[in-house]
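First the structure, which I've put down as structure tokens, then a few questions once you've had a look.
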Amino acid sequence: MELIADLAVQGVQMALVLLLAPLLTGLVRKVKARLTRRQGPSLIQPYRDLLRLLKKEAVLAHNASWLFRVTPYLVFAATWVAAALVPTFATGLHFSWSADLIAITALLASARFFLALAGMDVGTSFGGIGSSREVMIASLAEPAMIMITFTIALIAGSSQLSTIAAFMLSPEAGLSVSLGLALIALVIVAIAENARIPVDNPATHLELTMVHEAMVLEYSSRHLAMIEFAASLKLLLYLSLIACIFVPWGLAGHGAGLGAYAFGIVTYLAKLAIGGVLIAVFETSIAKMRVFRVPEFLGGAFMLGLLASLLLFVVQSQ
Amino acid sequence: MSAFDPVTVILLVPLVTAAILALISDYHWGARLNVAATFVAFVSACFLFAARPEPGDYIVIDDLNIVFIVLSTFVGFTTSIFSASYIAHEVEAGKLTPTHLRFYHAMYQVLMFAMNLALIANNIGLMWVAIEIATLTTVMMVGIYRTHEALEAAWKYFILGSVGIGLALFGTILVYMAARPVVGEGSDGMVWTVLAGQAQHFDPALLNLAFVFLLLGYGTKVGLAPLHAWLPDAHAEGPTPISAVLSGLLLNVALYALLRFKILLAANPAAIAPGPLMVALGLLSLTFAAYMLYRRRDIKRLFAYSSIEHMGIIVFAFGMGGPLANFAGLLHMTMHSLTKSAIFFSVGHVSQVKGTQKISDIGGLTVTHPWLGWGLVVGVVAIAGLPPLGIFTSEFLLVTSTFARQPLLAIPLVAGILVALGALFLRLGNVAFGEPRGPVAPAKASYVPMFLHLALVLTAGIYLPAPMVAWFQSVAKLLG
Amino acid sequence: MLIEFALIPVAGLLAVSLAAILAGGRPSISAPVYGASAILCALVAITGLAAMLGGGVSTTVLPVGLPWLGAHFRLDALAGFFLVVVGLGGAVASLYAIGYGRHEREPWRVLPFYSAFLGAMSLVVLADDAFSFLVSWEVMSLLSWALVLAHHRENENRRAGYVYLMMAGFGTMALLLAFGLLSGGSGGYAFDAMRETARTPAIAAAILALVLIGAGSKAGLVPLHVWLPLAHPAAPSHVSALMSGVMTKVAIYGFIRIVFDLVGLPSWWAAMVVLVLGGATAALGVLYALMQHDLKRLLAYHTVENIGIIFIGLGLALAFQSNHQTAGAALAFTAALFHVFNHSLFKSLLFFGSGAVLTATGERDMEHLGGLIHRMPATSIAFLIGCVAISALPPLNGFVSEWLTFQAILISPELPQWGLKLSIPTVGALLALSAALAAACFVKAYGITFLGRPRSKAAERAAEVDRFALSAMFILAGLCVLAGIFPGFVIDALAPAVASLVGGQMPTQTAVPWLSIVPIAESRSSYNGLLVFIFIAASATIAALAIHRLASRAFRRSDPWDCGFPSADPATQYTAGSFAQPIRRVFGTLVFAAREKVEMPPPGDTGPARLHVTLRDLIWDWLYQPVAIGVTVAATRLNALQFLTIRRYLALVFATLVLLLMVLALWS
Amino acid sequence: MTPTMPQTIAMTGGFVFDVAHLLAGGLVLVSLMMLYQRRLYALLNVFALHALVLTFSVAWQAYIQDAPHLYITAAIALVFKAIVIPLALHRMIVQLGIHREIETAGGVGLTMLLGMGLVALSTVIMLKVTSEADPLAREDLAFALSVVLLGLLVMVTRRNAVSQVVGFMSLENGLVLAATGAKGMPFVVEISVAFSILIAFIVIGIFLFRIRERFDTVDVQALDRFRGEMS
């Protein structure tokens, strides 16, 4: 019985992230539009886009291989699984122990690995540009993420997100410099990972500045839908992650009652909304940087992460 | 015993054969007789295992020299087989005439005689004489081609050898002087067995002085740097069988003489320890020769320097002393003799086929002459001290035991070995591999001696028979 | 008892080599030699597995080797594990070579050495005295040197062979010295005697340094790695696979055996040295790999990275062990061994794949490849699995071992020493960096080689390879997947070996529900490869099915869009060089002293614009070049001594004499 | 137990010692003179003197040791070294046209200083020999060692093959001095004969190999040009 309840909660979580992801994207777009004094598309426009894309006939390049066609589903699946493993409204979900924060990072890396390959599959110059820049960014963002994970895991004594969230809720968790550094680093990583301004612009198709978009240039219809969906999921994932680690209030514990779960969902929605607005504000107030400034930006995150964990190593001896 | 005296056979057969060979004008028969005589000497040397004569005034057979005698007669025998196929080619190529060969064969036997005598002699004066005969014989053999280079090499060998002779004699006289107050005047003062028994009573200062002169005198023959100058040229310019004998045997004989005197010195507690001197010269030779290997353009000179290097290692080992290092030294010496002569067998045929000794003109041997090429590869692998060949065993023992006792000495030793390894393989890479260079005519070679030696070296690298080990160990103990 | 079962197939391998020599390496014996090697290696692996799971120790002494000692052999859990690595790698490589070997132009330069090489590697693992160990070790090097020279006509390969042999010789000398210290100069060459000897910390440190040089040079530890990317690609591909996948592991074995087993308890700073070297090796190795466009050389450089990861694990194990934290040591050591196993699988697989590409196209240069996914579908799948595994991506095996290493790092703040506190997180950062770069590296390798459009005629005409090669690749790919989704079984199998060396082991994993793996405790961290695999597979399948069923499954082919840019010529594709350019810009100036020079023709000139990129190997420039120059200078200077007059030679004799006399005069 | 007996012996010993000492010391002196010579002719003449002094010394040893076979050695020294060889070399240098030349490496003054140093070194080394050893032998050895070293020095400081031969012969004279000084040493005669043969070989070698024709000059420096390895 308990197992069924657990599985149900897990199922809710999986469905929830799937449902909320396009909404979050829509929210960011809407707020950005309003901030630039435009009307902007409706909040549910991303859902419409996805549905429309799904119904279209796919156009494949002549030499696109099976890998090209499989990748969107793999990317979607990996991102979805990763997103479902991050506590959103409740901790201690039934399958949450099947991957810790490192594994979640690595799952996202898997998705990116395939996407980068797909970018090179057709054999166009833009695909190559996108893939090579994407892996360059990832090669700095991922280690930064790992360093953040180190920091957090050292503070919480665990790399398991549920445990981390529980620890952050407990009185033991105080403010610490390391935590602050980790937060800044995590934000930077999240920006880079989600191809947001100033690292990349998801709305641009300007050739020389494209990264992520160049990589998926050849995709159309349902394949593109999967990739867009995965991108939304990823944005959601990072917001959930930040929320879960740094503002874990409202998270329901394992086996809490329905009321707690409902409260968790409400607070979660609130956190997402705040996060989405913040992203939009940030993106409108900053210009995109040159591609080769990105390494410095991300290198900063990496260094912050390293500094944070070094500080902890040193502090923990006392 | 009385009917068959191996010692007499070992000494007389070469002498008599030398006389006969000087008379035989057909070089085919000369070569055959040469092989037969060395074979007889080898077989009789083996009989020494069964029964050893009592030491006399002039003759002694003990654990120490039996190693050398058997090795010497064996390599003498195999080299004579190689020589038979080698000189046939030289005659065909018009480099030597049958008259030269008569001289050559006779001298070969005289050399064998002299070396055997030096090894068997119980009298340090007789030993000196024998080594000098051996030197003079090889001087003549080195100059046999009568080319500018050969004559020059012979001349250099002769002059430096003569000075060495002089120094060694002075040392011998000094030993006698040191012994005289103890053992009395007359020939007893030169009999090794007598000297060895009473060395602890000798005047240490005289012994020291004697050892310095003997070390330099016989060290010249061993080819220790900086006394080595004759060695590379003599190896390079003489007929290859003589290079093989020089590297494989004559150096050992001189080394043997050194060891005898080292035992004397070691027996006297007040005398200077001979070890450090030998260690220093050994290391110097090793290091020097290792660097010299790099710039060699002549393949025989290359391996001549390698002989200097190995003599350095051996002298180092004996200088270190102790059961392990001495064992390593003996093993190394045996293995070096076998390996180096095998290499010269290969190199001899190679240079005949290619018509040159220049390394840059020889290439891709494993393609054109697989037997010679791979033989050379195995030989170089062995001489560079890589397993599973015998020299590795001795280097293993030497390096490990040295490092535990004197870490600072082991480091230059290891460095020298490595530098030499680098040079040898640098050359081997292009000689044995790569695109073939030079004539590709098939070689008319006798592969038996080469592969016999290599097989022995390989076997020794994996398995050493217990009797041989026991025997080496007893010699190692003797050497202190 | 078990040891005899191990030695018999090893003897068989040596006998096969002998037979190949006697047969003169005729091409017709190629298949029998490889077939026999495969079977014998499988036997070796099975024996190893039995020893590894059994955990017992069996020894024997053969009357060869050092006469007064004999050749000691011993099969314990650790040796068993490495026998599995050697045997499995050897068996699969032999299987691969049954097909691949047919393309060998000069089989007589491969066959006589091949089986003996496998035998020698097994013997290193089994040896239980210094002499047998070193003989097997060096014979292993020597035979692989001969195999590197199989294609000796290319100058580059001869140079590779030379550098390789020099480094091997150097390493062996270091090990010789290490054994000299271990044996204590009195001939205690048996490992048993060494285990029982007590040593001062200084001597133990010296031994550790020497072993790091000796085993590290063989394994490819920076800065001793320079030979590896030259030699590994030069050999035939199945041998490259063995050298990279297996021989480097034998070197790791040597390190483990001496440092963990023979020397005794290490000091913490020794661990720090190992850690830092491991971290540097991992990061530099992968950066080097990224810059290559020769497929096999890329793989070889990447081996360097993986060796670094293994050494990080070993360094962590040493750190924990020196502080008597058994649980941590067991975790780190397990991670290292797991990575040893994993790397032997995927590196062999990738070399097989590159061999298949080489057979099919005759090209190793990625700039001439492309689009092979269409022409070599099976190979491309196997290669892809290898790429994913080596990039440490879940749910495959490479991720598990790196994850375990990360977990070990996460519990390291408990270590009291400051040096470790500062170095471990830094090394962790390097590890993370190298993991991310590895993914980039294999996107490049796979993307340029197998994806896109063919960049040469040869790549256009490529055809799938034979079924032996394919089956070998798929066996390894299958194992990669299995080890990735059932890591608990591997960890438990490693437990006896770990326990025998660090005195503790990880919690039993197969008892954890749902086949998760738990390094310390479930609340700290856990990972479930099986579930992740199932989740991804299920969600991807469900998504695809749902879309195909409910939305649309129609598609049509057309020209690529490419922003409307008509790129008819495959030359307009991204190249390997251009792919690596962003990363080169980031790290290049620092690590490779990279310089880019653009030659742009003036307007109106129709000549091509050119981009010249120069990369320098700074380690080569600063470490090896000076040595080479030093030797050359010394040789040149000393060479003057060859051309002196007789008088001067006499002067040398005279000077020596006077010198020695003066020594006598001063000696009292 | 008369006090005179030991005294007489001592005086006799002293006399014997003094003469031997004088002759051996003379040999060293002549060796030093050889270092001083700049002309080949003069060098040969001094060498003849060297051999002559050796002859006396050996003869004296034969007398005091009551060892008649040493007279043979003395005779060889006289006939062969003091007469035959110098004459032969005279002829040779005239034939080769180098009789007016002299080529020393390094200044004579420096060479002389070195020579003195060598004599001092020999003495120091021999002082270490315990006085239990025969004092005559000890002094003899010191001089013999000096002669050997000076002979080598001559070989090293001359560029010319003939003068090198002379140096070698003076070295060998030192050996004979040592050998004869070693009381009761066997093979002394044989050794001196062997050495004479060796020297003959060297001298003949210069003729036989026609070094002048082949190498333009007897100067050994030129011998080294024909090497496959000049680089």
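Should a chain be cited, it is by its letter among A, B, C and D, assigned in written order, with residues numbered from 1 in that chain.
Criterion: contacts are C-beta pairs under 8 Å (C-beta built on N, C-alpha and C of every residue); 3 or more make two chains touch, one makes a residue touch a chain.
In this text the structure is predicted, and so the values were computed from the model without any measurement.
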- [ ] Compute the centre of every chain as the mean of its C-alpha atoms, then state which one is farthest from the centre of chain D.
- [x] A
Task: Pair of chains joined by more contacts [C-beta pairs], B-D or A-C - done: A-C
TODO: Averaged over CA atoms, how far is the centre of chain A from the centre of chain C? Could you give it in whole Å?
DONE: 35
- [ ] Express in whole angstrom the distance between the two chain centres, defined as the mean CA positions of chain A and chain D.
- [x] 99
TODO: Measure off the straight-line distance from the CA centroid of chain A to the CA centroid of chain B, and report it in whole Å.
DONE: 77
Open item on the list: Centroid of chain B to centroid of chain D, CA atoms only: how many Å?
Closed with: 32
Task: Numbers and ranges of chain B residues touching at least 2 other chains - done: 155-156, 159, 163, 167, 205, 208-209, 295
Task: Two or more partner chains touched - positions in chain D - done: 125, 128, 152, 155, 164, 223-224, 227, 229, 231
- [ ] Name the residues of chain A that each touch 2 or more other chains.
- [x] none
- [ ] By the touch definition up top, name every chain pair that qualifies.
- [x] A-C, B-C, B-D, C-D
Open item on the list: For the complex, give me every residue of chain D touching chain B.
Closed with: 125, 128-130, 132-134, 137, 141, 144-145, 148, 152, 155, 164, 168, 171-172, 174-175, 178-179, 182-187, 190-191, 194, 198, 201-202, 205, 209, 211, 214-215, 223-224, 226-229, 231
TODO: Can you check the complex and tell me which residues of chain C touch chain A?
DONE: 370-371, 373-374, 384, 388, 391-394, 399, 403, 406-407, 409-410, 412-414, 416, 418, 421-422, 424-426, 428-429, 431-433, 435-437, 439-440, 442-444, 446-448, 451-453, 514, 516, 522-528, 531-532, 535-541, 543-544, 547, 551-552, 554-563, 565, 567, 570, 572-574, 578-583, 585-586
TODO: Would you tell me which residues of chain D are touching chain C in their complex?
DONE: 105, 118, 121-122, 124-125, 128, 149, 152-153, 155-156, 158-159, 164, 220-221, 223-224, 227, 229-231
- [ ] Within their complex, state which residues of chain A touch chain C.
- [x] 54-67, 70, 73-74, 76-78, 80-81, 84, 95, 97-100, 102-103, 106-107, 109-110, 112-113, 116-117, 119-129, 131-133, 135-136, 138-143, 145-147, 150, 153-154, 157-160, 163, 205, 207, 217-218, 221-222, 225-226, 291-292, 295, 299, 302, 305-306, 309-310, 312-314, 316-317
Task: Contact set on chain B toward chain C in their complex - done: 155-156, 159-160, 163-164, 167, 205, 208-209, 212-213, 215-216, 220, 226-227, 229-230, 232, 272, 277, 288, 291-295, 323-324, 364, 366, 381, 384, 386-388, 392-393, 395-397, 399-405, 407, 410-411, 414, 417-419, 421-423, 425-426, 429-430, 433-435, 461-466, 469
